[in-house]
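Listed below are the structures to be examined.
Look for chain A in each of the two complexes below; its partner is chain B in the first and chain C in the second.
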Partner chain A sequence: MKLLFKLAAKNLIGAGLRTWLNVIVLSFSFLIIIWHKGLLDGWDRQAKNETISWETGGGQYWQENYDPYDPFSLTEAHSGIPPSFNTLVSKGNIAAILITQGTIYPSGRIQSILIKGISSNQKLLKIPSALFIKNSEEVPALIGRNTATDNRIKEGDLITLRWRDVHGTFDAGNIKVIGIFDSDVPTVDMGQIWLPLDRLQKMMDMPGEATILVWNKEEQHSTISQGWKFKTNEVLLKSITDLIKMKSVGGIVLYIILMSLAMLAIFDTQVLSIFRRQKEIGTYIALGMTRGEVVGLFTIEGSLNSVLAGLLAALYGIPLLAMQASHGMSMPGGSKGFGLAVADRIYPAYSLGLIVTTILLILLTTTIVSYLPSRKIAKMKPTEALRGKIQ
Partner chain B sequence: MENSTLISIEGLKKYFPTSGGRFTALNGIDLTIGKAEFTGVVGPSGSGKTTLLNIIGSLDSPSEGRAVVLGQSISNLNPKQAALLRRSKLGFIFQSYNLLPVYTVFENVEFPLLLLRLDDNLRRKMVMDSLEWLGMTDKVKSKPAQLSGGECQRVAIARAMVKKPEIVLADEPTANLDAANSHNILKTMARLNSEFKTTFIFATHDDKVIGYLKRKISLVDGKVTMDEIRNN
Partner chain C sequence: MRKLVIPVLMLCFSINAQTPSAKDIIEKVDKNMSADSRVFTSKMVIHNPRNTRTVESKSWSMGEKKSYTEYLSPPREQGTKMLKLEDQLWIFSPSTDRIIQISGHMLRQSVMGSDLSYEDMMEDPHLLNHYTGKINGEEKIADRNCWIITLTANTPDVAYQTQKVWVDKDRFIPLKKELYAKSGVLLKRMELSDVLQIQGRWFPKKILFKDVLKEGDGTEFQIMEIEFNTKIPEYIFSKASLKK
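This part shows the complex of A and B:
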């Protein structure tokens, strides 16, 4: 086998330009597959990390009637915070959130909005709720940058807010925007306004009640509470996982096209090689190589294209990919509207697993593509091959 | 001629299928060839010379009859056994040299030794010895494309001789060479024959080759018409 590798490498390098053309095409495939997959993995990682930091924490207890996709469920989706959680809420280890619907009137326009009350002392989420503590006179409010931009709201603005309390009575009052936060997670920003939990509970006449309890660490959620359902991060982040999976499937089409091009080049070279090198094949057999060894030699020659391509891709690809991994890739302006955490810059993540899997995939495919035409050698008559007669 | 028989052929026939039936290339050959012979199978084109050499070289098999080479019946060898016989005991010299184009002279000559899995130092020594016999040590790094026809054939002889085979089969070795180069090559082969006692079997219709033969087997339409021992 070692001998076949040695001979194959010699033949491959000796073939000159034909080899290098294949190797260049294949190295592009290597690089683009790793880059594209790395970008998706980086996006996945960033989106999940950001969503955990801003929204889901270590998992959430949902009031049993809460359905984020059904706004009508909100009128029923509130219960008293279980007494066993009160200590953790007061210490800030659980972020309690009460959710209801309302309307704001920025600059004389009307805008439906989701009102979220969050405990001011919570330390789990990046929502800057600590700002509420210093503003006790008016009803302080926090909004995300996108909601602020869409509604032309600035920090310090007083906005009229209308809501409907637990008894079905409409009420209205002014709120003061005390802070505008930047978040890559649209589900804490778009069409939402954040108030102190105690203020909202008072406004809604729902003392001590909440819709969601954001937990600190997933593994500590052992407490079972009547009327509350625990949602793990696996469930809460499913939409991100599904979207990335969908994008990955789309990526497979790209991989197939790239691989097909590269494999076509190798297949073509193999067929041409066997066609043109009949005399050489006959000579190998005359000198004492078995047909199996000659098939092996040609298969290894083809497969070595992918080894050379890997080395070439590493040569120019590592600096390129490393540069992009550190500088990131800027995302288009409209990407916030995806409804999913998309940072301004995505930093691709190139794991060892990704690189090894890609190398193995390409090596395996190249070997198969190289072997298929080489099988013909086993059926050749050496006497005809020696004369260079096409068989 | 020495007594020990290396090749024994009895009633050998070889047919090739054609569109109209079959073509008889060899039609009942009976031959024995001993150690250290310098023999030529001589005849016009289509007389069956190359077919006979191919069968002796285990590259083809008989349709009928027996061909025993170095104690092994060619008909009974499977492709792997045939390859091992060629690898260890037989050397080939072709009309168009059949050197491997991407390899240097050294690597071409080294190739049969690589197949025998000899160690590096021994291989190097054997290659250099072989090239020295042929006067090609100054061309070790050249590629076949950089050599003349005569030089290529000398490399091919070095490749055939490097493993010191029992039998060397040379199919029209001088067909592509001019007269001076042909004589040069033939003298070399005659010297190797007497020095190493290697059996040489030629397929040729070249008078220059015939002039060097110690035994001339004439073949016409697949039959031996004359088998003469010559005193050169």
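This part shows the complex of A and C:
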């Protein structure tokens, strides 16, 4: 076996430019597959971590009428916070959020907005609600950077807000923007304004009520509460998982094209080798090698292309991928408009599993592609092969 | 003494007869402004900070709950139909050949960038059913003597907690209206003019709506033709009529 490997390596190197062309093409496939998958994994990880930190926490209890995809449901989606949760809310271990719709008039323009009230003492989410405690004289408001930019709102601005209370009666008043936060999660930013929960409850005439209760990761969510439905992070982050899955499927097409190009080159090389090296094949058999061993030799030769490609890819790929992992990849402006968490820069994540899987996949495919033309050797007559007669 | 009491009483009576109660005034305003059914063609001139647009429409309404509107122009909006039943609204757009439903907060959004909300445009509420009035003074509007009446909601489920209405003393028509939020912030102002007698009642043919929180010169709502208490076939107020 050792001899076969030595011989295969010698033959492969001896083939010169033909080998190196195959190896270069295959190394590109290696690199692009690892880079693309790493990018998607990095995006998935970043998007989920950010969404958990800013929005979903350790899962959420939704008031039973709440449907985030149906704004009509908001008028009915509120009820009193269950008494069993009150201690956790007061400790800040549950973030209670009340959601309603309203209109803001920044600089005389009219703009529909989602008003969200959040408990000031919550520590679960990154929404800087602690700022509310320091600003209690007026109705303080927090907005995300994107909403601020879209509506040309600055910190310290007074904006007129119009809303309807629980009975449907119009009310209006000024709110003061006390902070603008930067978040990569558009679902806490785009078209939204955050107010202290108690103020919004008072404005809406909904004392002690909420629409969503964000749960702490450390707390058990076994407490069953009537009128509230628990949504796990698996459900809440499904849109991210689905998107990444969809992108991965799209990536498979790219991998197939890349691998096909590389495999076509290897297959072609193998067919050509067997055709041109018939005398050599005959000599191996005449020297005592079995047909199986000769098939093995040619298969190993083909497979070694992937080993060389792996080494070459490592040579120029590791610095490139490492640089990308530390600098990240800048995402185009406006990506947040899709409603999914997209950071300004995405940092690819190359896990050991990803690298090993890719190596094994390419090695296996190359071996199969190398073996297929080599089977012809088994049918060759050694005497004819020695004479170099075309079979 | 007896001789003195009778003239004094008569004087008090005549003063009372000259100034009806706020309730009577509102009742008379409702008689002029509201009807069991209305069919009218209107023109809405929307003055935005950058441009002015005109939208023509024909509307059918029955009581406070049912209303149907079809846009006649501009060509882009022609054929768009709206049906409002209770607090739900359906809009049919011929370009997409689809009916979409609007309810809740969306009903309070402006119609085509105007100063009117869908509710303002399609509702015909009887003031007396929802408000209690109080005469707060008198003022001249467009050379006509008016009572200033403050209306306070009887029930919590009305859009505007307070309204201020300037009612023409002779014709019992509001010539100006101010709509206030619960907090007392002025939200909208309406100026009513071109008052004509139609089918035995006074009615303003032109209303200038102004959302005071918004920039712009407001929206003129002009009634071109109007008929009161005509029989409207029931099928008009069905979703099937939207696609006809």
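We adopt the following convention: the second predicted complex is superposed on the first by the 389 of 391 C-alpha atoms of A that agree within 3 Å, B and C clash if a C-alpha of one lies under 4 Å from a C-alpha of the other, contacts with A are read in each partner's own complex, and residues count from 1 in each chain.
FYI, a residue touches a chain if its C-beta (ideal position, glycine included) is under 8 Å from a C-beta of that chain, and two chains touch if they have at least 3 such contacts.
The structure presented is a predicted model; accordingly, all values stated were derived computationally and were not measured.
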Next item on the list: Determine, under the contact definition given at the top, whether A:71 touches first (chain B), second (chain C), both, or neither.
Entry: second
Next item on the list: Determine, under the contact definition given at the top, whether A:14 touches first (chain B), second (chain C), both, or neither.
Entry: first
Check: Between chain B (first) and chain C (second), which does A:353 come into contact with in this model arrangement: first, second, both, or neither?
Finding: neither
Next item on the list: Go through the superposed model and pick first if A:83 touches only chain B, second if only chain C, both, or neither.
Entry: neither
Note to self: Per the contact definition in the header, classify A:283: touching chain B only (first), chain C only (second), both, or neither.
What the structure shows: first
Next item on the list: Can you check the complex and tell me which residues of chain A touch chain B?
Entry: 3, 6-7, 10-11, 13-15, 279-280, 282-283, 285-293, 381-383, 386
Next item on the list: Report the residues of chain C in contact with chain A in the complex, numbered from low to high.
Entry: 49, 101, 103-106, 108-110, 153, 155-161, 179, 181-183, 185, 187, 211, 213-216
Checklist line | chain A residues touching chain C - in the complex, by the definition given at the top | finding: 71-72, 74-75, 100-103, 105, 107-110, 112, 160, 162, 164-165, 167-173
Check: If you look only at chain B, which of its residues touch chain A in the complex?
Finding: 50, 54, 57, 59-60, 79-80, 83-84, 86-88, 90, 92, 94, 96, 98, 100-103, 107, 111-112, 114-115, 117, 159
